[in-house]
Amino acid sequence: MSECILHEDRFFDSDPSIRNAARELYNEAKRLPIVSPHGHVDPKIFVDNKPFPHPTELFIAPDHYVYRMLYSQGIKLEELDIPQRGGKTLGVDPRKVWQLFGENYYLFNGTPSGVWLDYEFNIVFGIKEKLNGENAQKYYDTINEKLQTEEFLPRNLFKHFNIEVLSTTDAANDQLEHHKAIKESGWDGRIVPAFRPDALTNLDNPTWREDIKVLESLVGFEISKYQDFIKALELRREYFKEMGATSTDHGVLTPYTHKLSDGEVEAIFSRALRGEVYEDDPKLFTANMLMEMARMSCDDGLTMQIHSGSNRNHNSVIYDKYGLDKGCDIPQQTEYTNNLKELLNAYGNDTNFRVIVFTLDETTYSRELAPLAGHYPAMKLGPAWWFHDSIEGMTRYRQMVTETAGFYNTVGFNDDTRAFVSIPARHDVARRIDANFLGGLVARHIISLSEARIIMKDLTYNLVKKAYKL
Amino acid sequence: MSECILHEDRFFDSDPSIRNAARELYNEAKRLPIVSPHGHVDPKIFVDNKPFPHPTELFIAPDHYVYRMLYSQGIKLEELDIPQRGGKTLGVDPRKVWQLFGENYYLFNGTPSGVWLDYEFNIVFGIKEKLNGENAQKYYDTINEKLQTEEFLPRNLFKHFNIEVLSTTDAANDQLEHHKAIKESGWDGRIVPAFRPDALTNLDNPTWREDIKVLESLVGFEISKYQDFIKALELRREYFKEMGATSTDHGVLTPYTHKLSDGEVEAIFSRALRGEVYEDDPKLFTANMLMEMARMSCDDGLTMQIHSGSNRNHNSVIYDKYGLDKGCDIPQQTEYTNNLKELLNAYGNDTNFRVIVFTLDETTYSRELAPLAGHYPAMKLGPAWWFHDSIEGMTRYRQMVTETAGFYNTVGFNDDTRAFVSIPARHDVARRIDANFLGGLVARHIISLSEARIIMKDLTYNLVKKAYKL
Amino acid sequence: MSECILHEDRFFDSDPSIRNAARELYNEAKRLPIVSPHGHVDPKIFVDNKPFPHPTELFIAPDHYVYRMLYSQGIKLEELDIPQRGGKTLGVDPRKVWQLFGENYYLFNGTPSGVWLDYEFNIVFGIKEKLNGENAQKYYDTINEKLQTEEFLPRNLFKHFNIEVLSTTDAANDQLEHHKAIKESGWDGRIVPAFRPDALTNLDNPTWREDIKVLESLVGFEISKYQDFIKALELRREYFKEMGATSTDHGVLTPYTHKLSDGEVEAIFSRALRGEVYEDDPKLFTANMLMEMARMSCDDGLTMQIHSGSNRNHNSVIYDKYGLDKGCDIPQQTEYTNNLKELLNAYGNDTNFRVIVFTLDETTYSRELAPLAGHYPAMKLGPAWWFHDSIEGMTRYRQMVTETAGFYNTVGFNDDTRAFVSIPARHDVARRIDANFLGGLVARHIISLSEARIIMKDLTYNLVKKAYKL
C-alpha cells in the first residue's frame, strides 16, 4: 500500500524562509471563496442535481488530460471506452477501465493531472492511499459509495467547495435553459453563462449557415445583410446579460484583429450566406468580428476574453472517430504585438473596456503580453492556461509577467475545467503557487510580508471579481 | 507607517549557502566604480549643474516605466502632466501628481521600477519608510529640500555615485555642444557621446531629407550621391571620436544585414533624396547601412551596438498627442541567426571589430545569441535590456547565456537610462544578481569561490571597459 | 595551485531537502551501465585498440565545443592546429597548443565543457588540481603517460566506463567495415551502427549524384527511377539491421513532412539525377523522404530520430578552410506542430512505430513537443540536445516537458559525442540533473521518494533501452 501523499506544505519551495512565508500566505487565502469566472462545467448537473454515475464516468470519460496521457502510452481510446461521435460507447465494463487507469496512474507523476487527482481522491473522497493497480477496485468501490450520498450531490458539492460564483461557456445560440431553470429553482448557487459566438464568427465552421438560421429564429428576423447579423449578436449579448453573463469568450487560432470596410465585410458576409468562402475570408472575418466584439463590449460592459493559439484536432484519426476536444489540440506559435495592435489602438485606451488575453505560447509572456498589459488600460492578462495551468507553468507565468505588468494587470485564476470535482483542487494549486511566488519575493526581501498578504488576497479574490465584474 | 525595506541581503536567494557566497561576492564588487557605457542622460545637466526641480519632474515626468504602469491602471497622462509634443504641459500642481503617485505606489511591488525607486528614496534621499498615499507629501518635502542642497547638484551626485565614465547617446547630426562645454569647463567628470545615426540610416524617418540637409551643413559639402553620404558619416564618426566617443548605436526593428550593390544602393539613395521611397527601400537601406557601419567600425575602432526588436509607438493615441518614448514601445519576435549572417561573415572574424547585440526577445538568448557570441570573435552579447533589466530578467539572461557563451563573451552591465538618479540603483541590482548567480554556481560546486571572485570583478568592471574600449 | 574541484554533491541544489533526496537518487543510478544510443565516436578506435595519441589530439582537435569558445575569444584555429579540409594540419607543437588551452581554461567556467573536462581530468585521469597556464605542461605529461598504459586502451576504457552499448552514426552508404571487424574480432563490447541517409535524402548535398552512384554499386542495380531509390534504401536499412542497428537518424533544417504524389516525386527525382534542382525541390524531397522513412520504420521496426533546427556552417570563412562540424552551426527557430502534422497523422497512431524528436529551440518544449509527445503514441521526446545538454539546459528541459508529457514520453539520455573519453562525464551530469530534478519534486512533496527512485532508474536505464529497442 502506498502512503497518503498530501503534505500540508506541498508545492512550496523547501527552503525554510520561502516555505514559512508561503505557508502563512496560503493559510489566509485558503479560506476565501472560489470565484470561477471561466470554465466548461455542464450547468445541467445543477438542474438535475442527481448523483454522479460511476467513478470512470466522473474521472476518465470527460477528462482529455487523463486519456491523452494514457493514449500516448499505447492505450487505445476504445479500451477506455471514450464516447465516440454521437455519444456512442462500446459498453466496456467501467471497472475494467478503472483498473487500467489504476495500473497506469504512475504516468501522472509530476503532472498537474496527477496533482489534481490526488487532491480529489484524498481530500474530496477521503482516500488516504495513492491509486495503483492493486487498490484500484477498492478505490472504485469507495468512490462509488460516496457518489450515492446526499453530500456528493452537485449542489451540495458546490456549497461544500465554497464556490461563490461559477461561469459556464455557452454558444451564442444557446437558449440557456439550464441557467434559466437554476434561477427558477430557487437554489441560491450562482451559475452564470458566458457568451461565446465562435460558431457564428468563424466561417470555417462547417455548420455556419445552419447556425445563422438558428440565430434568425432566436432573434425573430431575417439575417440577409451584415448589419442584421450585428444586430442579432447585440440582441444575444443582451439576452446573455439578462441571464447573468458578465463576459464573452473568443477562441481563435491567431489573435489577428482588423476592421473591414463596410463594403469588404458585406461582400464576405453575402458570399458566406451563399455558401461561398474565399481563402482569406475566414481570417479576415474573424479579425473583423473581434473588432466588433470589442466595440460591443465598450457599449454593454461585458468583459472580453480572447483565447488563441490552439491548433485544434491535430490528429485526424481521432477527430474523425471521436470528434472535438479529445486531447488532440496542439499549441502553436502566436503573435500578439502586431495582431492586437488595431484592436488596442481602437479600444485599448478605454478605461471601461476590459479585454483579457490568454496564451499557449509562453514566449509571449515577457516579450509581448506583459508589455502590452503593462501599458493599455483595457488589456489584462489571463492566468497560465491549459497545458501551463501547472506548478511550473504558473511559476513561469509569475516570473515572466510580474516585473513588467505587475500583479494588478493580471486577473486571478481561471480553472477552465469541464471536471466539476477538480475545481477545488485546481484553485488550491493556484493559491499555493501564488503563495510560494510571493513567499519567494518576501524571502529575497523584494517585498515585505505585509505587502505580500495584501497581494495574496487580491490575486485570490479581488482581482478576478473586478476583472469579470462579478 | 511602512518600515524601511532595504535589507542588506536583498535579492539574494534565501538558501544560506547561496546567500553567503552572494554576499561575499557582492561586497567586493559594490566598491568598484560605475562604468556606464550606454544611456540617455541629458549631458546639459552637467553643463548647467543646477539643482533638479521638484520630485515630480525628477521621478515621474522623464520615466516612462513609471507612468506606463500608472496609465495601465486607468490614470490619464493628463493627470500626471506628462509633457506633450512640443513640451506643452497642463500645469497640474506637481504635489497633486506626486500624491497620485504615492497612492498607487503599491502597483510597483515586484517590479524593477519599484526596486530602483526604493533604492533612490532610501539610499540616495535617506527616507526610511516606503512611499504611500499618507506620507506622499512628507516625501515630497524631504526630497525637495535635499534637491536644493549643494550635495545634490548633478556634478556632485556624479562623484558621489562613483561614476568613472558615463556615455550619452547622440544623433549623428548632434554638434555635441554640451560635451564640448563640459570638456572646456575643466570639470573632470568623464561624459562621452555615442554615435547614433538612426535618423539618417532609416528612410522611414519623416524628416530624413531635412536631416540630410543638416548633415550637409555640418560636413560642408553637398550630398548628392551615396558616396557623399558615406563620406559625411565617416566625418561625423571622426568628430564623435574626437569628442570622446568609443561606440556607435543602432536602433532597428529587425537586425537584417545585407550589402547592396553599388547600383542598388545608389538607386535607393537617389530616390530617397527626391522624396520617393519604395516599399522595400527602408528595410534594404537599413540592412545595407548596418554593413557600412560595421565596415567603418573595423576601420575606426568604434564599438558597434545593435538594439533591435522594439515595435515603437504602438499606441497611436498616445503617440499623436505625446510623441516618442512614452511607454508605448512593445517588443516583438526577432531573428538573429539568418539576419546577422551576412554581417558576421563579412566582419565577424575580425578580432579588432566589436559588435554588441541586444535583444528584447529572450527566446534568442540560448537559441541564437549565445551560440553566435560563443563563436564569432567580433560579436559580444549585451546585457538583459529594457523590460528584462530586472531581477528575474537578469537571472534568466545568465541562466540561458552562460553555458554556451561563457561569461567572457558578455560585456557587463548597461543602465540605458534617462533617469540620472537611478543609475546607482540599477548598477546595484545588476551587481547583486550577478553575485547571486555566481553564488548559485559556487553553492552547487560548479565553480569555486575564488573563481567566482575573479568573474565577479570582470562582470562588474573589466569586461565593460574592454568591450567599449573605455 | 588550484584545488581539486569535484565535490561529491556537485550540481545538486544547495537546499538540504533537495540535496539529500538528489544524493540518494543519484547514488543508486550511478552504478547503472551506460547505454549510449546516439553518438559519433569513430568505431575504428575499437578495431585498432591503439593508445590515443597526445592530450591535444584527444581533447582539443576533435571537440568543436572547446575550440569554438577559444575562437570566440580571438584565438585563431591555426594556433590550435585544428585539421583543415582534407586533414591538413600545420604541425604546431601540441605542447604549445595545450599551453594556450591551459591559459584560457578559465573561459569554460560555468559551461558544460568545463564541467565535462573537469570530470575527465579529475576522475578519468586522476589529476586533482584544476587546469591553468602554470600546470598545463605537468598536466600534459600526466595525461600522456597514462595514455600509453594498457588501462587507457579504447576497449579497456569502454569496459571501465561500464558501457553496455554504444551506437555510432553512419552514412547510408557506409559499408560498416569497422562494425564488421569488431564483431569478427570476438571482443564482446557492443557497438552498433545507426542509419543516417541525409546525404541521399538532401538534394542540396553537392555530391548527391556521386552518392547515388555509390549506392548503386552497393545494392547492385541501377537507380534510374524513384522506386529504385526507395528499394535501395530499404536494402541498406536491412543491411544496417543485420549489423546491429536499431535506429535511423535524420538531420534536417526544418522538420517539414509531406508525402508527394508519385508524379511529383518522380519528376523531382529525375531532375535531380540529371543535375537539375529547382528551388523548392530540396525542401519537398526531404519532406517526402521523412514520410518514406517513417513508413519504412513501421515496417522494419527501426526507431526513427529527427534532429532539426541547425543552420549548418554559418561562418563561411571557417567552412571554406576547415569544412563541416567546426563549431559554426547555429540554431534557428523551428516549428513542429504544423511541420510534423502529416507524418504524425499518417504514422503517429501506430504503437509499433517510434519517432524520437530533438530540438535546439527550447521554446518548443512546452508549446509543441510536450503536447505532441503527450498525445501521439509513436512520438517520444529526445533529451536536451547539443547546446542544451548542460546543467541549466537539462533542468529547463525537465521543467518544461514533464508536466505535459510526463516522464514516460521521454527516452533517457543521449551523449551525442565524438569525444569518447567524455562519455562517462556527460552521463554523470545527466544523472545528477535528473536526480536533482526528482529531488526537487520530492522536497516539494509532489512525488514521494519511493516514486522518485523508480523514475530515476527508468530515466537512467529502462526508457532508453525501450525507446531504442536495445
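Brief remarks follow.
To keep things simple, chains are lettered A, B and C as they appear, and every chain counts its residues starting from 1.
Everything below uses one rule, namely that contacts are C-beta pairs under 8 Å (C-beta built on N, C-alpha and C of every residue); 3 or more make two chains touch, one makes a residue touch a chain.
Please read these numbers as outputs of a predicted model, since none were measured by experiment.
Shared residue numbers account for under half of those found at the interface formed by subunit A and subunit C, and the copies are therefore classed as meeting with different residues.
To overlay subunit B on subunit C by their CA atoms, one rotates by 120 degrees, a value rounded to a multiple of 5.
Rounded to a whole number, the gap between the C-alpha centres of subunit A and subunit C is 40 angstrom. Among the residues of subunit B, those touching two or more other chains are numbered 15, 363. Looking at the complex, you find that subunit C touches subunit B at residues 2-3, 5-7, 9-15, 68-69, 71-74, 106-112, 115, 130, 311, 314-318, 327-328, 330-333, 360-363, 387-388, 390-393. Subunit A meets subunit B in the complex at residues 15, 17-18, 335, 337-338, 341, 344-345, 348-349, 351, 363, 366-368, 370-377, 379, 399-400, 402-409, 441, 443-448, 450-451, 454-455.
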